[in-house]
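Naming follows writing order (A, B, C and D), and every chain is counted from residue 1.
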């Protein structure tokens, strides 16, 4: 299913080369001042074509509100937003149809949906669907004005010097992966539960929903596996719960402890590498060489930070509502 | 909330030093032959006290079925199982009450539940709650006889020679973290969806629900972030969808591709290290040195494999039912 | 929240006088041939202005598909459908703003949403939102071609002669209530569960979601309360489970028994009666006489049958999927 | 599935003649003083054998708490409660196995669960499962001390003189149905939503989950279908929202308006009538005369009021939490 959340809930829809993509956001309290302008900065950050290494496909990505606003404020009912798809070049995809692109969902989608899937531009699998998530995230951020959520690319192709990582890809005429780190400040103590509703579980769920994410870690993460307990344990140093270190990434027992929330995601290299590949042709049933056409990001990690921030905001808004940190009107 | 699943659903309850821990499992189709004996091997694997580096606390961990079985078969209604807590030494915890143990949930629980939480042995935060998950996992495994799910500890304290890693901890009189890897064979093509119901999302959700897990990665995982696309892409080599490599870990676009499912989790060092620590005393509001008493695992990763297998089975049983891979009777 | 369903799921949005109303339908299996034409007959039946006693407001109600269709078939991903609101006369509502209309949600909405609700034409409370439900119902019907679902008005203003009931209202210059009965044939045995997922529970949930419904009864319903057990019990007469009588309305223990599904709903009189009323003016804090302007149905029950059929189809499609009566592709 | 609720959630389990029945209640805020004694008065009311016309089967029905309490207060984690089944006479049921009892779920359960269902005493279909609901309801009531919820039998076998209705059944040696009415005072304005989360929808869902309920109506209910709008509309008479009449039963647009909540349910006659019946023998495939043995209620409506109150309290506690009317600790 394509919905997520308990009290702050999103339902996505759309295909990359269909008529539109969009989202319905349910659970936004009434009375929040909101307009398309509030969404534009984050939507702009998500766009391709703005920086070296990203797709030249350019969409206006202007959010068209279809419901839930009245007199410039939220009404307490669902907000439906859609984004038109104008700048599509589907013919690129028809040509390649007989060879399921390695790393892409072509083959599994064909099997699962019996050939009925919209394969153009990845259809519903496309990262274009994250447009809606970014819109929802911008609204969620507005609901929690005391939070600062900041995600940055910290590594490209194994290099922390990002220019160098990207140049490596350009030189190799290949795509590369990367790491995005996110830090959240101003998080109240007490969000989350042990077990299934732990912050790691619910946030991990949403982070893995972002296309191309293959790893998620909180605090010291995989590094923690190499540490001693006496090193990893964060000593509490005052009655506010501040800790001397923050190897836990701000989450203990699944619950926020008021320290900075820190986590990282691993993003695989863009599947659509410009490099020639060797794969199956399902018409001829033979392996063959082929190249991917279309306009693609060399490193999707470059466009990921705002998406990471957005899903983080969506998840936290849900926890804020669950813990009654956002007041309802009566 | 303490439940998870859509069609195969678990609801956990209990506290480490309360009367019992247990689980209610809903959605098991009728007619499955089942008895306590089917659960014992996995429950035995979960127990402490069986190997060097695990807690000497020993519980019988015998599953007491309270509902859902009739004439040795499942009825199609919920199975409630509980496990008695007998071997508890709560006085160990009362003494330490004024110092929230670093790495543990003591401080956040106290804040979140206003001092009403059952703090003895970690209460509901305790890994003892995983007993129920192991019981549910054993049932889920029986529903999918063609699957093999196998998790192993691949690293302790940064060492792949596990004896050496454990000895390092013993020598340092400290606890250590570790890595558990899980491989699943026999997975049908087509489980999962892009976005929120991706295999990575739902399985990641459950893996992060296991206490002490701070990182989850699928296939090449964080390693993928350092790769080129032409390396990471798994070329399909035949009409069954077998791939030449398996950097994707058997999941593309959130959907299983029929290849081996591979993922790893990072487990932090046991918070209850034998080493002296420095932390806050909330009565005196001063930092002070203290040591943790009680019986604890030096490396919880050692007990994790069967838990990882169990939550994997629970998640896959849910997807099997969603995709109608387990037949209902009429 | 404004979503419903487990495997066949609907999310509604929109306001009566906002830009649009619509629905996102998730869980439709891939490969169903579908076009706007399939929805038009039922949408036409829902419209006002077609018969005596219904609102003269006329909307084109043409379903605009925004996603989920490709080459004339469903893709297995969410279908988003919008209906534009063109024929609105909001000024009617601004004038009456200070007097919360009796029977309407004006007063509760004002309290609950702090004055931020879109009050024009009832906003999100409007029965115009049922347009989306009718669209979803038409799709659900297509998924279950062997079912026949037929709802009819059986009583208006206490009269089974419907012409007479309506004339009573016209003569009294007042609105009237009515009864709608629905019969479903071709239902397989075994849908539903005892307790929370009983057919009565889930269908009752959806029937009460239709604006103006104040009663729901299955089979003999309230009449059963006056019967003896020996009368009410439906004797099974053959190995197919056919019963001699059908006082249970085709549901026993919450589960369909293969006999005709029969239920009725009570619809209150249209709140917007043309008659002068006496109510509170919240500006003056005084009771006063006033009359409702706007275009309204004299008897909303007349437009209800297709809505009842639609929500029934939505609920049954969900149960069909749960019981694997609709095959997924692989 | 056998769970219900969003923030206040119940999961039931058990069979009439199995080892136990019970419930897990999740979402209870921490710090509520609670003991078995709080539950006993309502559990006592639910019991049979206390009044003329109810089953002579007597169970101690003592609630055994298995989790979620510490030092006499709720911990904020799930409360599991078991009730032992001691007073069972299953041999009564084995004898009648070949004739599915009319009005009971025997035949549908046999079809749906392939003969694996626990048929003794109705198994999971049994009203004995309501024991857990009554326990949960008593806890829910404690969370909302300002509410008064009161259900009464208003009609038996068509008679409002209840003694006379019962005597009619005794004279006829037959079972009878009845009507239960419930009134709730102290309900805050603003619980519920239009459409799927309307009070009528969610409460109707739960009321129809009670075994034997075949009709639910709010306020004037089916009577509303015979009324004019000018009669049915409840004029608001003051700034607190009090209405002159209460035909809406305290719910407008799916939302509570602060007036008394009023609704009624229709309960069918006990299926286990003492009278001889004519039905199918599935071994001989012939119709034959037979009589039901076992200990049964002549009129189950007599035991229903406390169950109706309980499910009402469960539903309202959920809405109270959703609307932040019950404060969480931090």
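Going forward, a residue touches a chain if its C-beta (ideal position, glycine included) is under 8 Å from a C-beta of that chain, and two chains touch if they have at least 3 such contacts.
The model shown is predicted, which means the values in this text are computed figures rather than measured ones.
Going by the touch criterion stated earlier, list every chain that contacts chain A and also contacts chain B.
C, D
From chain A, which chain is the farthest off, judged by mean CA positions?
So the chain farthest away from chain A turns out to be D.
How many angstrom lie between the CA centroids of chain A and chain C, rounded to a whole number?
37
If you average the CA atoms of chain B and of chain C, how far apart do the two points sit, in angstrom?
The separation of the two C-alpha centroids amounts to 44 Å.
Check each residue of chain C and list the ones that touch at least two other chains.
Each of 1-3, 12, 111-112, 124, 189-190, 330 in chain C touches at least two other chains.
Report the residues of chain B in contact with chain A in the complex, numbered from low to high.
1-4, 12, 100, 102-105, 107-109, 111-112, 124-125, 129, 155, 157-158, 169, 172, 174-179, 189-190, 193-198, 200-202, 204-209, 211, 213-239, 241, 243, 247-249, 252-257, 266-273, 275, 277-280, 282, 285, 287, 301
For the complex, give me every residue of chain D touching chain B.
1-3, 9, 11-15, 18-22, 24, 26-27, 30-31, 65-71, 73-80, 82, 111-114, 116-118, 123-124, 329-330
So in the complex, the part of chain C that touches chain B is made up of which residues?
Within the complex, chain C touches chain B at residues 6-7, 188-190, 322-324, 327-328, 330.
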